[in-house]
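In what follows, subunit A forms one complex with subunit B and a second complex with subunit C.
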Partner chain A sequence: MNDSPRPALRRIVLALNGAPTDRLVVSYAASLGKPAKAELVALHVVEIDWTLPLDGSVSGLTEEAQRVLDIAEADAEHLGVRLEPVLLKARNVGAAIVDEAASQEADLLVLGLPYRKKFGGDFVMGSTVPYVFKNAPCTVWVVREPMPQEGA
Partner chain B sequence: MIGGRRPIRGRKPGDRRVRVERPHSAYFRYTGPGQLTAKVTASAPKTRVGRAWAQTRRVLFGRQLSNEEDAFERLPKKLALPIFSSDAISSSAYATEEILRVLVVGGASAIVFSIPVAIAIVVMLAIVSTSYRQVCRAYPSGGGAYVVARENISQIAGLVAAAALLIDYVMTVAVSTASAVAQVYSVVPQLYDLRIEIAIVAIALITIGNLRGLREAGLAFASPTYVFLGLALLMIGLGLFRIATGTAPDLAPPPDAVPVGTAPVTGFLLLVLCLRSFAGGSVALTGVEAIANGVPAFKPPESRNAANTMTMMAILLGILFIGITVIADVFHVLPTEEGGQTVVAQVAAAVFGDGSLLFILFQAATALILFLAVNTSFNAFPRLSAILATDGFMPRQFSFRGDRLAFSWGIILLATVAGALLVAFGGDVHALIPLYSVGVFVCFTLSQAGMVRHWRAERDPGWWWRAGVNLVGGILTLVVLLVVVSLKFTEGAWLVVVLVPALVAMMLFIHRQYAASSRQLALRPDQVIAPPRRAERVVVPIAGLNRAVVQAVNVGRSISPDVRAVLVSDEPDVAEHVRAEWEHRMPGVPLVVVESPYRALTGPLLAYLDVLDQAWPPDEEAPVTFVVIPEYVARHWWERILYNQSSSDVRRALIGRPDTVVTNVPYRREEPDAFERQPEAVET
Partner chain C sequence: MFVIVVGGGKVGYYLTRELIGAGHEVVLLEKTRARAVQISDEIGSVVLSRDGTEGSALAEAGANRADIVAAVTGDDEDNLVICQMAKHHFSVKRTIARVNNPKNELLFRHLGVDEIISPTRMILGAIEQDIPVHELLHLADLGSGDLELIEALLTDESPAIGRTSGELPMPEGCTLFAYIRDGKALQVRPETQFRGGDKVIVIGRRECEDALRGTLIGDEEETAAI
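And now, the complex of A and B:
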């Protein structure tokens, strides 16, 4: 059994994707971060197609993306924690999350994994979660959305 | 800091990312497509004076609460009981005295009727509270007598009930405060001369407490009410024990006692005396309706919690009122002249011992609950005002909630009127009482009549039983109302009889005004708005040529190509100089010089606008005239005295002028560099 002390949590990065799991991610991160007085950074990445300039404006996308962070900020406020929102545009969401976590010197990275009801319902890992697992410079938590029968 | 639109390089080639700025986040949150919600910082004051005022308000009233925090302001029963019942329960402190004050005229043979009169009042309390229990269940959205009468009888009946309720709440504040001060000088007679000052300070403190919000006021108000209840029940228990054991003292009349009548009163005179004492003692029922008005302030299930709180309040009030009256009767307590000990103070002194710790504690608790009973009105009056304002019968400001979710306008109005009343009546409880009862019984009667019609219309199982309870209550309260009005008309009840119709007329006037304005502003249901077709022209009144004028002319050019400047001048030489400069520097914008040999500035400008209107082809629709006024923005408050006086005069003169839009174009001294960059302003 490993009885080494738990590493101190100074900064937690929350990768949000606008799905219902965002609330869970904020709630778990707040419950961990509040007693440790850790800084919470909410990160939302808008993926930009290679055919479009990365630094150009993408109509409609930004307001929706801002809303994802604003809702998270409001949820955090209700839970009594402060959250620094960061909105990024990138070609690859996974890479942007990992790079931002590295530059923020995060101690923990929390992501949500939504349950998809289409095609019989399943957890589709996609490419972001595996990428983050393989490349993140810190501990990674994946918060899974409850399956319908669990949530009922 | 990572930011801007500059791509940040990732750890691998091609993994670039751009951080998007969030300029809205300091003040707003996106809460839906095309929808922003303001944060508290959006309304934060920008000036130093504004910030200092905001800080003062924060210290006095607490931090601003958002609408979302409203749910946390609901009251649990243990807080709702003291908040909504302190008025009713505390009236036991002066109701017995009001009975004795009347009966004492009839001598000892009349005073013995104090207990039957008190019992009759308690029976009525039981009927009225049972009726209001039904109101709580039938009308969970609150509003009490106003809503019940409006929905079941007529709009006018509702307004009469509302007017009576508003008067009742004001009177509650005045009477309870005056009575509380009387309890204080019952212990410390030297404070009698300071009674008005004490009352005003108390009202001010309660006002601040209420402006801070309901829950905080509730916590502050709960404990003294429970202390009063505990001590009053102890006093009654001890008093009844002494009566039962035959150790009740036979008190000697105090030196300042009201003289007891010597001639025996019998027959019709005795009946009138008993009726008058009943009318006086029925102030015990005041405040019963507060719970029915405040149902939405209860925690869910609101109706059931409110109804149960109503029953609890009625039981407690009944016990206290009967108990104090029985002890006062058996101990031979007599009311005193103004400035002497109150009846309840004499009862406490007789039971606990005059000057004892328990006596002082009881008096303190009585004074506190009476001061705090005022809070019942501070909860109910603003709520009723808000309902009336929402219905368009009071100015809309009364429905706006302040920083702490309290209806600040209602709270401040109540405090002001009640304070003025206290000063006008010299803080005398007995002078205020006749004004008190009329409004209360008007409400009871209308409310119960409304409930009878409600049950008849609903015809639920057992409706006849419910309607019967309300019918009996309605008849009884109507009888009491007639008795109070007829017997106390000359003592002040006439004022309420005049005030109620006056208030109803005022509310109808306000409603008519709002209805007329909303009719004028309304769009037809089938109306689709087409682009504007009317011609537009711009007139820029100037005093000379400077940067503020250039900016105003440029704004005018963005509104319409038809722009002209007007210089009203009483110095032809100066005007000629301005014209020469204008034609050189502002080509394409005509300048009209209006010479004013009588030195008036505004009048000639208005006359020129009239002439322009008259010159417009009569077969075409009149154009919209934009009067664009250049204005120099003062940096300091004292600079405002030095600048823009003429433009303020012009603006005032143009208010209400048909087909005219007034636009101010401020020029800030801080922006000269930005101005220099405008090529059209510097190229000459």
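And now, the complex of A and C:
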């Protein structure tokens, strides 16, 4: 077992997507960040397709995104930590997460990954997590939700 | 300005890069997934791995609000389809097409493509300026109409030699614009008398080229006989 000290955690970026995994992400990030007195940044990216300008009004989407951040803030408060909410609009979620982690100089990026299978039974990871794995400048921690119970 | 570039070859890649550098909003459509990923890695998430000849791909790229669609694939047929769809289905204000085969230029023009870029024609023009392979040289199209800028190289045998510009029977729709003598561009006046070696610049209609050749250079058979 390696006894090397844990790396310093000054800032943790939590990428939230509005899925049930957000609760796990906040919980694990709080358990790591609280003892280290790390700053926690909750990031939610609203993906805007190319049919709309990036600076255009997408009120319905923005309200939903705000709700995601509000829930995360309430969960964090319950766990005794403070979250700084960041809401972004972007063309590509993965690229926006990586850019924000870089500009925040994050030491750790935490993402949630729902347990999903496509028709035929293969596990689906989507495109955001692989993109972040490939491009994020900091340590990346992916919290995959537990496998659903058989027959549940 | 929002620009959709279709085709991620060398032209599309550098065009996208330059437009982004100039502060424009750009999306690039490239149908080959591996190439799309490669470009995306290099210039960011502005690439959609879709076939731009499909209406659904142009719709996804935001053709409904595009200011310009530039079709720069290596395939003339694809470029024509892309511009046609952009123009007539999405009402894009300006369409630009790369035309590889100069013979397709007229077709593109007739079918309403706003701007036609023919690298082959440009290179040919550059070569002909140094080594005139035809006595009449197409210099440039003027706007989207039929008018073009033509250069005629006069030889000592040209019927225009020794006559003033006012005496020349210019074909309908052609105007003498300027002439180049000893490397110097000069304005054509009614009393201007042409000499062998002069390059005469004419604004004229495409269909007048044969008549213009007869006036300034002489018919090929006559010239050959001399």
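Convention: the second predicted complex is superposed on the first by the 137 of 152 C-alpha atoms of A that agree within 3 Å, B and C clash if a C-alpha of one lies under 4 Å from a C-alpha of the other, contacts with A are read in each partner's own complex, and residues count from 1 in each chain.
The rule is simple: a residue touches a chain if its C-beta (ideal position, glycine included) is under 8 Å from a C-beta of that chain, and two chains touch if they have at least 3 such contacts.
Note that the structure is a prediction, hence the values are computed from the model and not measured.
Asker: Looking at the overlay, what does A:45 touch: subunit B (first), subunit C (second), both, or neither?
Answerer: Touch status of A:45: first partner only.
Asker: Which partner does A:145 reach: the first (subunit B), the second (subunit C), both, or neither?
Answerer: Touch status of A:145: no partner.
Asker: Regarding the shared-chain residue A:75, is it in contact with subunit B (first), subunit C (second), both, or neither?
Answerer: Touch status of A:75: no partner.
Asker: Go through the superposed model and pick first if A:67 touches only subunit B, second if only subunit C, both, or neither.
Answerer: First partner only.
Asker: By the touch definition at the top of the document, which applies to A:95: first (subunit B), second (subunit C), both, or neither?
Answerer: Both partners.
Asker: If you stack the two complexes on chain A, which partner ends up touching A:86: first (subunit B), second (subunit C), both, or neither?
Answerer: first
Asker: So in the superposed three-chain picture, is A:107 touching just subunit B, just subunit C, both, or none of them (first/second/both/neither)?
Answerer: Neither subunit B nor subunit C is touched by A:107.
Asker: Quick check on my understanding: which residues of subunit A belong to both its subunit B contact set and its subunit C contact set?
Answerer: 54, 90-92, 95
Asker: Considering only the defined contacts, which subunit B positions touch subunit A in the complex?
Answerer: So the residues of subunit B touching subunit A come out as 2, 5-8, 10-12, 14-20, 22, 24-25, 29-34.
Asker: Using the touch rule from the top, collect the residues of subunit A that touch subunit C in their complex.
Answerer: Going through subunit A, the ones touching subunit C are 49-54, 90-92, 94-95.
Asker: Subunit B touches which residues of subunit A in the complex?
Answerer: 45-46, 54-55, 62-67, 69-71, 73-74, 85-92, 95-96, 98-100, 102-103
Asker: Where on subunit C does subunit A make contact in their complex?
Answerer: Per the stated touch rule, the residues are 2, 25, 27, 44-46, 48, 59-62, 64-65.
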